[in-house]
Every structure is written in C-alpha cells, then in structure tokens.
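Okay, got some structures for you below.
The same chain A turns up in both complexes below, where it pairs with chain B and then with chain C.
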Partner chain A sequence: MVLVQVVVGGLLLGAVYALFSSGLTLIWGMMNFINFAHGEFVMLGMYVALLVVVWLGGGPAAFGLAAAIALFALGVAVYALLIRHVARGPMLAQILSSFGLALLLRYTAFWIFSANFVTLPQTSLAGTIAIGGIYLPVAQVVAGLVAVTLTIALHLLLTRSALGSRLLAVAEDRTAAMLMGIRPDRMQALTWGLSAGAAGVAGALLATAYPWSPSVGETFGLLAFVTVALGGFGSVLGSLYAGLIIGLIEAVSAYWLGAIYKDIVVYGLFVALLWLRPQGLMGKA
Partner chain B sequence: MPELKVEHLEVRYGDLVGVADISLQVEAGQVVALLGSNGAGKTTTLSAIAGLIAPSRGRVEWRGETISGQPAYAIVSKGLALSPEGWRLFVGQSVEQNLRLGATALADRSRLPALFDRVYALFPRLAERRRQSAGTLSGGERQMLALGRALMSEPRLLMLDEPSLGLAPAVVETLYDTLVELHRLGLTLLLAEQSIPLALAIADYAYVLQTGRIALDGPAAELERNEQVREIYLGVRANAAGHQTQGR
Partner chain C sequence: MSKLLAQPASGQRVSICLLAVALVLYPLVFSDAFYRDIGVTFLLAAISASAWNIVGGYAGQVSVGHSMFFGLGAYTPLLLYALWGWPPLVGIPAGILLSIGLAVIVGLPTFRLSGHYFSMATIAVAELIRIFVGTWALVGGAIGLQGPAIARGWWDLTFRGDLPYYYIFLAVLALALAVTYALEQRRFGYYLRAIKSSERAARSLGVPVRRTKLQALALSATFTAMAGSLYGVKTGFIDPDSGFGILVSVQMVIFAALGGAGTLFGPLIGALILVPLQTAANTWFGGGGSGATFVIYGGIIVLIARFEPGGLFDLWRRLAPLLRRRGHAA
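Up next, the complex of A and B:
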C-alpha cells in the first residue's frame, strides 16, 4: 500500500514537472531557442503565489491565475525586449542572453526576497485525502490534476486549434507564414507568454507543497532540460510522458534507496537513455 | 489606372544587386507574365511586391496606394497574394490546415465555408485528402494545395512564382488549364515562368527580364513571334530549349 502511495505521489509531482517542461519544449519547438531562464520562471511563479497569499489573502485559484497572468506578461516582455533581438543571431548570443536573463532574475529575487527559505502560509488545500486506502496531501492531488489538464490543453491548443496551426506555421516556415498574413513577431511573443505562463502556474502549484528559496530555479531548470530531452525536443506530449516517468522514478528510488540517492538514479537513467535513444521518447531521429 | 504599378524597382542583398531597375504594370483582369532565366530577377521582383524584401529604390503602387516598405502580412490582406517558388507548404500540417492558414488575412470570416467549397470544387483531390498531412502529397497535389491556399485569401491579384517547376508535363497542362479557368472567372494573374511557350500561351502581356532589368516587353502575341526573346534566353541559359519542348 505504501508503494502505491509512493507511485501515485510520484506521478502527481511528475505532472507538475511535465507542465513546466512543456513550456521549455514549446520555445525549442517554435523557435529552436534554448531558454536557460526557464527554471527562473518557475521560481518567480512561486513568489507570485506567495505575494498573492500574503498581501491579498488570495486562495489557490487566485494565486494560480495570478502566477499564470504575471508570468505570461513577463514572457511576452522578455521576448519583446530581449529575445526578439537575439533569436536570429548566432547560437552563442542566444545562449548568453538567456543565461544572463537567468542570472538577472535569480539575483533580483535574492535581492528582493533574500536567500531564506520560505513556505506558503496554510491554504485551503491543507490536509490529506484518503483515496482507496492511500493517503495523499490535497495540495499534491490538486497540483497534479491541474498540471495534467493544462499540459493536455497546451497540446490540444497546438495540434487542434487555428491559433496553434498559426504558431506551428511560423515555426515551420516564417516567410510562408508571413505570406499567409500571419505576424511572426506576435506568434512568437505569444509562444513566450504561454511558455512562461505554464512555468508560472507550475511554480504556484509547487509552492503549495514545498519550501523554496530563489535558487530553486536552478533545480527546476535542470529538471526541465532532462524532461524535454527525455520526451523529445519540441513535443508537448513527450514532455507529459517524460515528466510522469521522472516523477515516478524519483519517488520510487527515494523510497527504496533513500531521498539523497534519487537524483543519481534519475540522471543515471537519463544518461543511459540518451545513449540508447538520443532523440528522446517522442522526438524525431 | 493599372491595379499594380512597379516603378524603377531596385533590390539589393548587401552588396549584391537582386534587381537593378524594374518597371511594370498589371491591369485588372489581365494575365501578365514575367519571363526570364534563372537569376534574372523574377523571384526578387515578386518578393519585393509581396513585401518580403524592402526595395532599396523605386516604389510599388497597388490600386493607387504605395505599398513598398510594408510587411508581407499587411500586403496580403489588401488582396495581393503570392504563391512562392517551391510552393512552401506547411508539410507538418494537414491539407485543411494549410487551406485555413491561407485564409488568415481574410477579413470576413463568414466567407470561409464558401471558400473551402470553392477550392474543393476546383480540386476534388484535395477534398479527398483534407485530413492528410501536406507532406504526404504528390507533386501535382502539392501544386493544387499551393494554389488553393493562395485562393483562400480571396486575392484580387494572384502572383505565382514558377508554378510549373518540377512538375510532370501532364500535370503542368492541368495546372495551366486551371489558371485559364481562374482568369476566366475574373482573377488577375502575375506569373513568373522560365518556360516561354507555357506562359505566353495564356498571358495578355509579358515582360522579359535579363540580369535584373526589363530587356523586352510587349503583348504576348507579339513576343511569341519575336526572335529576340529566344536569343535572350539562349544567351544566358544553354539548355532553355529543353524547357520549351514541354510547351503546349
């Protein structure tokens, strides 16, 4: 029974990994751009949740929505002010600019919030819930379900909607897209908004369950890269599967081997998989 | 007043001159051909008209309004569509998605079903394959989709860049029949072609480009008899004769 609880808990956390990783894979798929600041977007989402709870007394729905909107806006602003100018430049300019952005965001957070760990005050999601004999924190269940829903929604937006078709058209052939009447700049700004927004919501969901400090962005950034590489660069659905797998492996190895060994297992398996299947689970060879 | 008027167009790619001095005009209801060998400047001229490249000198006037310097997505919404060389379909998306993308610039969204019907009536093959990815289509079907996609914006003037390139002669024949039919229904066409007989067969007026300039222009019927046209081609491109044999 304990193992079932561990497995379900791992999958629920993995769903949140999937959500923020889908944002990273979106930027790659749309623009061939590697965003090193993605983990920082997750971190900022956590602080937005904290501020909404502390200052405004908002509940989970309010801080989740606030994190989505705030980070969507930040994503659009980052695109307009920084990315637009370097995206078609040399690869090194892309790497340095997004890495520089990561440092800027991280140390601004240190400056404003200090390096101390913080936790979200008790929300209406406190407590545990019993489902079929296993006990899970309510916050974790809600976070997992919301994350799966949003990741699938993002996938459907891309593959089933007219807007998604335009986003993909810009990614596939920018010139041809312009001849259709599509404004590539707008589509790419939207891509950054969606990507950062997904990270922001994921951050707010994680904030309900874990203490954090500004350096947490590093951890989640790395995790997002592993998830995206495992799922296949550019595939939102791949990110969903990969996120769930990583959450599961983390939880099970922490249970069997101890929490400090879980990273060794996750990254060890990751390296092994890259060796066997470098394009990831859903990626094209 | 001509629908489209291009005056002393010059386009530079850095130090390279794409076209040096192009002036042309297209009247409503005409089929105008841009002839010339590879590198003569046909694609550059069409790209500049469509707003993909900003001209370094000269201007493009569309129905009395200067449009040179405006971006491509603004120009297509004015009723001036370009189907680019090599078709440039969105091969990762379905036939239907490609057609819907073609209608992005369409202001009146209620026209969408009627436009789909028109394209599917024109190309029943596309209707059969509308759920299929554009990447799985044959060459002839790709040409149909490119043409259908361009028609989805309901253009007044349709520019086609080398539509016959890479197609089997029988498919080219069907394509040109369709173009004649579209013209009969009132569409104005500006057509860039390497194959002289093909283009002159349906054009009212033609311009012959040579190294970025207009070398010769006149009514298509006159140019068909003009020996100089042949010389301009043969001078630049020795195997042009091979293209002429596939003509109608």
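Up next, the complex of A and C:
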C-alpha cells in the first residue's frame, strides 16, 4: 500500500514536471534554442505565488493566475529585449544569454528573498484526502491534475488551433511564414510567453505542496532538461509522458534507495539517454 | 581570414612583454597578503579560463561543466594523501590522467551531437559527479577532504605564504598560454576554428571533426585539472561545491567570454577585470552570502551575449583603428 502511495505521489509530481518541461521543449522545438533560465522561471512562479498570498491574501486560483500572467509577461520581455537579438547569432552568445539570465534571476532572488527555505502560508488546499486506502495531500492532487490538464491544453493549442499552426509555420520556415503574412517576432514572443507562463503556473502549483529557496531553479532546470531529453525535443506530448516517468522514477528511487540518491538516479538516466538515444523517446532522429 | 592569420604585431609583442614583467613583479611590489591573495586568485582564474578556452573558445564547444575536471584535479591529490599519505606532487599527475580519461568518456558520446547537447551533457555530468561525491564517505562526502597541514618536504607543495604558489601558478599559466599559442599556429588550430565556424563544412573538407574535438577537450581538461589540483593543494581543502559546483564552471566561461573566447589573451584579460571586481563586490556587500557578485556576473554575461559576443578583445580590435584615425586627424 505504501508503494502505491509512493507511485501515485510520484506521478502527481511528475505531472508538474511535465508542465514546466513542456515550456522548455516548446522553445527548443520552435527556435532550436535551449533556455538555461527555465528553472528560474519556475522559481519565480513560486515567489509570485508567495507574494500574492502574503500581500493580497489571494487563494490558489488567484496566485496561479498571477504567476501565469507575471511569467508570461517576463517571457515576452526576455524575448524582446534579449533573445530576439541573439537567437540567430553565434552559439556562444545563445548559450551565454540564457545562462547569464539564469544567474541574474537566481541571485537577484537570493538578494531579495535570502537563501532560506520558505513555504506558502496555509491555503484552502491544506489537508489530505483518502482515495481507496491511500492518503494524499490535497495540494498535491490538485497540482497534479491541473498540470496534466494544462499540458494537454498546450498540446492541443499547438496541434489543433490556427494559432498553433502559425507558431509551427514560423518554426518550420521563418521566411516562408513571413511571406504568408505571419509576423515571426510576434509568434516567437508568444512562444516565450507561453513557455515562461507554463513554468510560472508549475511553480505556483509546486509552491502549494513543497518548501523552496532561490536555488530550486537549478534543480528544476536540470529536471526539465532530463524530461525534454527523455520526451524528445519539441514534443509537448513527449514531455508529458517523460514528466510522468521521471516523477515515478524519482519517487520510487527515493523510496527504495533514500532521498539523496534520487538525483543520482535521474541525472544518471539523463547522461545515459544522451549517450544512447539523444533524440529522446518521441523525438525524430 | 586576415583576422585568423594575424601574427602578433610588434606593438602587441611589446604589450605582451610588459604584461609578463608586470605579472612577475606584482607580488614583489604588492607584498601585502591581501594583494598577493588577489594575485594568486587571478592566476588561478586565468589558468582555468584559458584551459576552457581551448575547447569552448577555439573549438566553439561550449562546456558548462568544466568543474568536473577542476574538481577531479583538486580531489585526486588530496584523496591520495588522505588514503595513503601520497605527496601531492604524485597526486597531481594522477588527477590530470583521470581528467583526461573523463574527458574521453564524456566527449566520445556527446561529440556526436550538436552544440547544445554538449553543453547540457557537461552540466549533467558535472552535477552527477558533485552529488555523487557529496554522498560518498570515502572521498569525504559533503564535508570534503584536507591536504597536508604541515609540509614533510617540498614535494608536498604545502608552503607558508602565497609567494611560492604565485610563481608556480604563473609558470603554469605561461605554459597553458604557450601551448595554446603553439596550437593556434599549427594545423590543429585551423581545424578547431574550422569546426567552430561550421562543423559540416569542416567535415566535408576532410577535417577529422570528432577526433579533433576530443583532443581539444582532453587538452583543455589537462590544464583545468592542473588548475584544480593547484587550488586544492594551495587551499589544503576541497568540498563538493568548491570542486564540482556549477559556479566553478560558470566562472571559467565568464572570464573567457568577457575577454574574448577563442583569443589567446581573452581569458586572461577577463580574469584581470573580474577577479578584482569580485573581490571588491565581496568587500562591499559582505561575503558571498548575499549573492551580489553573481548578480553582477549574470548581468555581465547577458550584456556580453547581447552586445559583444566577441568579448572585449573583439571590441578593441574594432575600436583601435577608429581611435588611431581620430588621433591622426587631431
């Protein structure tokens, strides 16, 4: 019974990994660009949630929405001010830009919020529920379900809507899309907004269930890399499956081997993947 | 092409000689422990950034996990001392050999992939090693390892005061730069630059791309491990974060990129600017706890990437003729 609880808990957390990883894979797929600051977007989403609860007394719906909007705006701003100018430049500039941004965001957060771990004051999602003999925190269940829903919604937006077609058209061939009357810059700004927004909501969801400090961005950033490497670069559906798998692996290895070894298992998996199947599970070779 | 083939002009030669003399005299002029410490820190940063530059700058393979070589270089001599009392003079070459082995293990699979993958793989491997070392009691776990407290002989490389370290580090820096310069002039250097500008074109022209990248990484790892081992021996202490931490890797990238990645003296110039700045920031803001130094670092990296991806060296190369022309006009 304990193992069932571990597995379900792992899948619920994995769903949140899937949500923020889908943001990373979106930018990779659309722009062939790796955002090293993606984990920091998740971290900022957590602090936005904290500020909304502490200053405005908002509930989960309010701080979830606030994190989405704030990070969407940040994503668009980052694209317009920084990424747009380096995206087609030398590789060193691409890597440095998002890497520098990661440091800037992480240590600004250190400066403002200090290195101490914080938790969200008790929200309406406190308490546990019992489903078929296993006990789960309400916050975790809600976070997992919301994350799965949003990830699927993002997948549908990309594959089933006219907007999604326009985004993919820009990714496929910038010049041809431009000739069709699509503005590539606007589409790519939107991609960055969606990507950061997904990370922000995921951060707000994580904040309801876990304590955090500014350094979690690094952990989540690496987790997103692992998830995207497993799911395939550019595939939102792939990152959904991969997120669930990684949540599961993490939970089970923490349960069997001890909490400190779960990172070794996950990063080891990442290195093995890059070795054996660099295109990921769902990616094209 | 003219930029690639440029030999050091006589003016450049003079400035290189002046720089060398200044570096030799520095600790004699500034004998205060504080300034000598800055000097040693600068040399260490310049060695590791120059080492990173071989693969990250010249070959354009941006590693963000070079701390794996630095840490291995720092841990090996201290571990061999802790286990069997081996002197660091024996442990340092062992650490370098291990780092070359690690470079081959990391390079073989990841160099099949394009650039971004290599960056991600290097981060992941460095993090994996950092966490692994932190949980492994034999290598000191999260607490770390200590070197010889009192020297049994010169082979322990444990000196009182910074002066002997300063000149050892200076010699290693000179060696690293000399090797880089020699490579720059040879076919290997042209291979590296060809790979950087277009891997596919280089391959089609018969450049052995994977082998060249692997050799560059192994050479880069050699000097990075050397820097790490010197750090470990000088500090007499190493823990997972100061050896394998991501910030160790980040510093190498920043120093090289600020000065000019893929130029001989770029990393040195970057270290020359950033090490005093870092010391000043730590003094103003009170230690590393506030993270202010890294806010500045992050800001600098973003600004370089956005406005001067070629680094200060490139900026100077473009500005110098303009300034000279203005000088003639006036």
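Just so it is clear, the second predicted complex is superposed on the first by the 283 of 285 C-alpha atoms of A that agree within 3 Å, B and C clash if a C-alpha of one lies under 4 Å from a C-alpha of the other, contacts with A are read in each partner's own complex, and residues count from 1 in each chain.
Just so we're on the same page, a contact is a pair of C-beta atoms (placed from the backbone, for glycine too) under 8 Å apart; a residue touches a chain by one contact, two chains touch by 3 or more.
Bear in mind that the values here come from a model prediction, so they are computed numbers and not experimental data.
In the superposed model, A:His85 makes contact with chain C only, not with chain B. Chain A has more of its residues touched by C than by the other of chain B and chain C. In the superposed pair of complexes, A:Arg183 makes contact with chain B only, with no contact to chain C. Contact with chain B, but none with chain C, is seen for A:Glu172 once the two complexes are overlaid on the shared chain. With both structures placed on the common chain, the touch criterion links A:Ile34 to chain C but leaves chain B unconnected. Across the complex, chain B is touched by residues 162, 165-166, 168-169, 172-173, 175-183 of chain A. If you check the complex, the residues on chain A that touch chain C are 32, 34, 36, 82, 85-86, 89-97, 99-108, 110-111, 115, 218, 222, 225-226, 229, 260-261, 263-264, 267-268, 270-271, 274-275, 278. Within the complex, the chain B residues that touch chain A are 50-52, 71-73, 76-77, 81-82, 84, 88-93, 97, 100-102, 104-105, 149, 153. In the complex of the two chains, the chain C residues touching chain A come out as 56, 60, 62, 64, 109-110, 112-113, 115-117, 119-121, 123-125, 127-128, 131-132, 134-135, 246, 250, 253, 257, 261, 289-295, 297-306, 309.
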